[in-house]
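Presented sequentially are two complexes of chain A, the first with chain B as partner and the second with chain C.
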Partner chain A sequence: MTESVVTTSSLPFADAVPGAVLDADQWGIIVNPDKLVELAQYLRDHEGFDYLSSLTAVDYLGFKDRTADDRFEIVYHLFDTKKGGDGIVLKVRLPESKPEVDSLVKVYPGADLQEREAYDLYGIKFKGHPRLRRILLWEGFHGHPMRKDWKEPYYEAEHKPYKSRWPVGHYQWAEDRVPWGDNINYPKGFDPDAFEPAPLPMPIIHEPPEGSDHIHTERIVVNMGPQHPSTHGVFRMIVALDGETIVGLEPEVGYLHRNHEKLGERNTWLGNIPFTDRLDYLSSMSNNFGYVLAVEKLLGDKGKPPERAEYLRVIMAEFTRIVNHMWAIGFLLNDLGAFFTPALYAIEERELILDLFEAAAGSRMMCNYMRFGGVVRDVDEDWLRKARDIVFNRLDRKVDEFDEYLTGNEILMARCVGVGLLSAEDAIALSACGPMLRASGVPYDLRRARPYSIYDRFEFDVVTDDGCDVYARYKVRLGEIRQSIRILKQALDQIPEGPIMNGKPAYVTRVQKGEAYGAVEGPKGELGFYVVSDGSDNPWRYHVRAPSYINLNTLEHMTIGYKVADSVVILGAIDIVLGETDR
Partner chain B sequence: MANENQVPEELQQNVFVTSIDFLYNWSRKNSMWPMLFGLACCAIEMICTAAGRYDLSRFGMEVMRPSPRQADLMIVSGTVTKKMAPIIVRLYNQMAEPRYVLSMGACATGGGPFKEGYNVVSGIDKYLPVDVYVPGCPPTPEALLYGILKLHEKVQRQSIRTVPWYRKDTPRGITIPVLGPDIFLPDRADEIRQITMRQETSEEIAS
Partner chain C sequence: MFGKGIIKGLGITLRHTAATFIDDMARVPSRYTNAIETPQGKLLRQPPDSKGLFTIQYPEEKRELPENFRYIPMLLYDEKTGKDRCTACGICAKVCPPQCIWIVRDMNEQGKPIPRPSEFYIDASICMSCGFCAEFCPFDAIKMNHDYEMATYDRFPGLVFDKEELSVPTSYYASLYPSAWAAEEAARAAKAAKKAARGKKGGGAGGARRKAAPAKRTAAPARKADAPASSKAEAAPPQDESKAPPDASSPAPGGSQS
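And now, the complex of A and B:
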């Protein structure tokens, strides 16, 4: 009735852009789709929310109190890289009949890949997006798979545990339920012989500036990947070359798209933890950490972990960072042509840390160690002794060794200094995160900007570098290893005795209705989990803000104008892991 | 024992008589070059297998080749997605005979934890002939080594007279699947059409 007059004036930013803010709830501001761009521009320019962290869609088909008129919701998480703090959540509700909204690419260029993902998986059209094509799946795939009414071929029921397996246990093979006996499904009337595949996407050509000493040659388009020794997995670049100079680059991902989010909605809350291990498979502990933090926000006091568990989490997360950065540096050298020898040095330490993970969690890589309200297993005195031995006696020397061998190395400097420049403004605008952002001189680290867990108790520095190039990224990673060792030393000294779980371990977690965004500063950057709960045993929406994926926004920007050999190094310095990129 | 008699006594310390099969297989198995090609999590364990602690070069296998033309063994290390499957099949076709496939981990073997995903192939053996399966998620480097040793045993037992790649009736390539509305094999078009052209929609069958 009087909602438009009475409540609107009390809404945040109601006066900024007339008619932009429609409503607000405890989780975010609901924005008029037509005024979204204006409001975003205002928030960026006047309120300091310069960083679009996460952009995702939610399908509310069949959700309580939702109708076809507000079936889809696009959720934007904006943050302030200068002041830090909790940021702001914008939501746009779209009807089923016309899921269209203006693209934010002009305000936040970092929205590029995320909008394409929302288009691919939900079929939301972003008006004004320069290349709104499918990204994780391929052009021509039938339907938009993350919609609630789209069922996968092996579909059995909405939620796990499936009745066929628990408690009754009359399991029927999924292959026997589908007519093809395989994980495939074709639309009605599909004729394979009449099928024409879509043409390959061609990169947008950026002409070199006039007057540069560039010799023009015939343009050729080179395909790199998905099977290529330097793309760190199944990543593909379609590169347009002028001589040896890159004039256009089109990243193509999705070759490891394992439907993480769709499976996540079928799984129970607890059942998602082992899947998070397989996101960024080099740093499974950090992934666990991010996910449990997000769900613990919804659990409230029930989810508060005891002291010892907090320390164990920090110890594991920092060990993970060391492992990841060592790997990243080793394989950056691989990309530079020092095939495998530097990587062998890096893997040597990694194995020792993996031994610790194996002793604590039972698995080298897929640790599945954290739970809501704690961790799953305690560590004994022997483990701590071993960990102290590695941290206090070994790792420092190892980093010094790396430093000595590599940092002043002539070849490394010749290949890295001044390559892949990304200014601070561009890094923020393109939503770069983690070492990428800090190597552009932006001191934005979630452990300081929005302290989570017990990071506010530790002394450590946010490592930044003003180099803005590949060399700076290398140095930031090296510096972060040192800071992680610093945190580990404090944590291993202070770790208290006590319980490791809040309450009894349970298979079913009752999560109250609501939504939460929990993020950690993972080794690759801001790893966020956006979860929506309808109060049941399974997430309604489970979205991963994957740092490797969003950092790829910067790739085209950084490689244009460099030689094709540099593109490999630039990609190596982003440090992508395809499990997380493609999810 | 008959062979021993044919070697003069003074040479018996230096000359070794064996079958051509043994020699051929022995040299093949001790210089098997894997393809440098990783798909997912398992690839990390594959790299660790090649690294210092587990040291694949003990078995003559440290030479990982990025080109399929130079590789003998394809280690399918990770989840095979529909988007990737055509490329893997093409890579396999580009490998020269004799070629082997080792399916590493739960995903490559049968889809693993991601089996229900809409973009996941339920095992690479839907498309390629697999020689050795290594279970695990991911398999530890020891498990991969064990799988490789099993492959060595298999190689050692093959006979030059019966191996398929010298026979005339062996097909030379595998049909590459195509990415349509969903992945499909062009040579199975008739089967697909039979179902998609039926009265009830395929969606109804599935749900």
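And now, the complex of A and C:
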């Protein structure tokens, strides 16, 4: 986000921690790996950068001007939840021979899952991390797939488009190419018969406080999932139970892992847009939005969308938020045991909104609607009339119905009030985002904190709630639907006529060399895309800051001490979509 | 009061049941009694003011698809001339994110490329229905089909469509995309008119090079006019049968198991 030119001398905190800041450029501050924790502590305590938004690694093998001594780069995006505005980017450069850096878990507990991801995919060791294990891949996986020298089975070429498709593209079925021939790597001396899978990871046990009226029973460990109706997909919670009380919980993800980011690096810039649809498949419009914003930062003036396109983007993104929150509320009822009938009633209006998406974009869920510098297709008067009809005549009524039947419902309240407490400090520290953060009373919404697109023109409130529990999360979502309707009403009234695309649509995107972090306030929270370009037709690095994944940081913290049945509700209230969690 | 929430909840169910019937009776054509009957089933609309039931009884009932709906790509050929619109330029294959389009460009005896595909495959098991191929095709040769019923018993070769299976006449496209078709035809006509006007002007201006150009242009339509029968026959004789305009029961290329 630091688009302005920064030098070491212009940094107010350059001398606060002696020897910490090595260098700075327009894309970030290069930090001495040994002083990283100290500097982060200082930034958090004295400069207000209390929120670690994104943490990721980049492999610069073969990049211009890079050597083995600075092959890896760990990139930290820090933000201020009180003041908002652009954050700062810290970078640590690590040599190929010793990719090790101190863990930031003690300063920002939210670094937990993200550091594990970087360890898993890049093999970066974070010293001091309490459970540095693979997370998306399985223990025993050979190599670290995001490294540039790692090749997948069926590897064809470094970048798309592949040469074999045209002009001599005789079809070849992928499965016919011998998959176990020269296309796969076994570790040296690997013997499949002698292979022992790693032992099951055991959750860290949190003993109940002394003196509580607690009957000690036998500890058992239960696997909830991956095939479990309450886990919203293939997600596993390894739960340590004392009676019915949870004393330890370990989230296990990665069952849907397909290395979206590696696919993104193989793909062209444009080709990634439909892939982002598949992240959080309930809110593909928001995913498109985040990605095009990130790339448009690199495109400069070429990427500036015209007015009408901006309005269309906002309209689609807000419709998406409504759809997503309807699902979240509907599924919350599902998790409470009211199986599916209420959930289907809750998503009735979603049907009409998806019809709108289908008419505009061509698909109900995999919209693929936005392009760099605009949107793909204009909407006609008939579409706008339908959209207005839904927004002005139907949606308010639906939210009132939710409010009337659910907000005061005794079953809902009995199951949700006071369950899954997460204080504001913890929510910020654990990098929770979106409704999770706002339901803990932190008024942090990117549409206000760092306004993007044309959100600064609309009147809306940032919905917060001080309840800090599942019930508060439900109320925040309900409130956000109302605010989205408010934005939609303004946007549908103001939408101007005009072009929808900056320049002619082109299938080759010329992106200048550089880096950008573009983030939107997606329905589930801060959805960020960190892209690095080396000036070619494909991204050098494409990282997704997935809110569903990072919000899982809070799960263990929230469930300890509650009953096992509550864990289902608490997980449901985080509102994860496994397509995005596992990427 | 204890139990109030349950009664309220049951009230919702009751209201939905009642609303479904009232909505159905009030609507003309009614959802069930007067839905649009087509050979493919009943087509249903979901107007924004509909109340009650939101689910439909697929496959007896189907939703009416919007024009922009996209599923798997199809290749267009001109009905009058029988000529493929595709020139094997390869843009669709290059822009395809999952790289599921395979094209073999045709060659003459001397090994020179001819702008038409001799083979064209789309692996529908890999296609992600993004629509980029249709969006960036400069010749309007590839468009997104609306037929989503393409289940087969095998992925290979059942879901790998070759050129015959992908080819549909332009009239089929015109029936699926009436407004896009009208716009494209208007643009084409305008372009042709402009070209014709420019051709006349160029002829009048004189100069060896400029004279040659209009001569070529006039030659081209002439070739087109007498070409279809002969060139079609030698280029791809087996296609003639397969390219008969599809009837109503199987409007889509490939995979249709009806």
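Keep this in mind: the second predicted complex is superposed on the first by the 550 of 583 C-alpha atoms of A that agree within 3 Å, B and C clash if a C-alpha of one lies under 4 Å from a C-alpha of the other, contacts with A are read in each partner's own complex, and residues count from 1 in each chain.
The definition used in the following text is that a contact is a pair of C-beta atoms (placed from the backbone, for glycine too) under 8 Å apart; a residue touches a chain by one contact, two chains touch by 3 or more.
Keep in mind the model is a prediction, meaning the values are calculated, not measured.
> Which of the two partners, first being chain B and second being chain C, lies in contact with A:D193: first, second, both, or neither?
first
> A:Y155 in the overlay: touching chain B, chain C, both, or neither? Say first, second, both or neither.
A:Y155 contacts chain B only, not chain C.
> Give one of first, second, both or neither to describe whether A:K127 is in contact with chain B, with chain C, with both, or with none.
neither
> Where does A:P274 make contact in the superposed view: on chain B (first), on chain C (second), on both, or on neither?
In the superposition, A:P274 contacts both chain B and chain C.
> Per the contact definition in the header, classify A:M366: touching chain B only (first), chain C only (second), both, or neither.
Both chain B and chain C are touched by A:M366.
> Figure out whether A:E348 sits in contact with chain B (first) or chain C (second), or with both, or with neither.
Once the two structures are laid over each other on A, A:E348 reaches both partners.
> What is the contact status of A:E175 with respect to chain B (first) and chain C (second): first, second, both, or neither?
both
> According to the stated criteria, A:N409 is in contact with first (chain B), second (chain C), both, or neither; which is it?
second
> Once the shared chain is lined up, is A:H216 touching chain B (first), chain C (second), both, or neither of them?
In the superposition, A:H216 touches no partner, neither chain B nor chain C.
> So chain A touches chain B in one structure and chain C in the other; where do those two contact lists coincide?
Shared contact residues on chain A (touching chain B in one complex, chain C in the other): 175, 274-275, 278, 344, 348, 351, 366.
> So in the complex, which bits of chain B are touching chain A?
Going through chain B, the ones touching chain A are 36-41, 43-45, 47-48, 50-53, 66, 68, 78-79, 81, 83-84, 87, 91, 111, 113-122, 126, 137-138, 140, 178-184, 186, 188-189, 191-193, 195-197, 201-203, 205-207.
> Using the touch rule from the top, collect the residues of chain A that touch chain B in their complex.
Against chain B, the touching part of chain A is residues 136-138, 140-142, 145, 151-156, 174-175, 177-180, 182-193, 195, 197, 226-229, 233-234, 254-259, 262-263, 266, 274-275, 278, 281-282, 340, 343-344, 347-348, 350-351, 364-366, 578-579.
> Across the complex, what residues on chain A touch chain C?
Interface residues on chain A, with respect to chain C: 160-162, 164-173, 175, 267-268, 270-275, 278, 338, 341-342, 344-345, 348, 351-352, 355, 358-363, 366, 368, 376-377, 386, 389-390, 393-394, 401, 404-405, 408-412, 505, 507.
> What part of chain C is in contact with chain A in the complex they form?
2, 4-6, 8-9, 12-13, 16, 46, 48-49, 54-55, 65-70, 88, 90-91, 93-97, 99, 101-105, 113, 119, 121, 123, 128-132, 135-136, 144, 156, 160, 162
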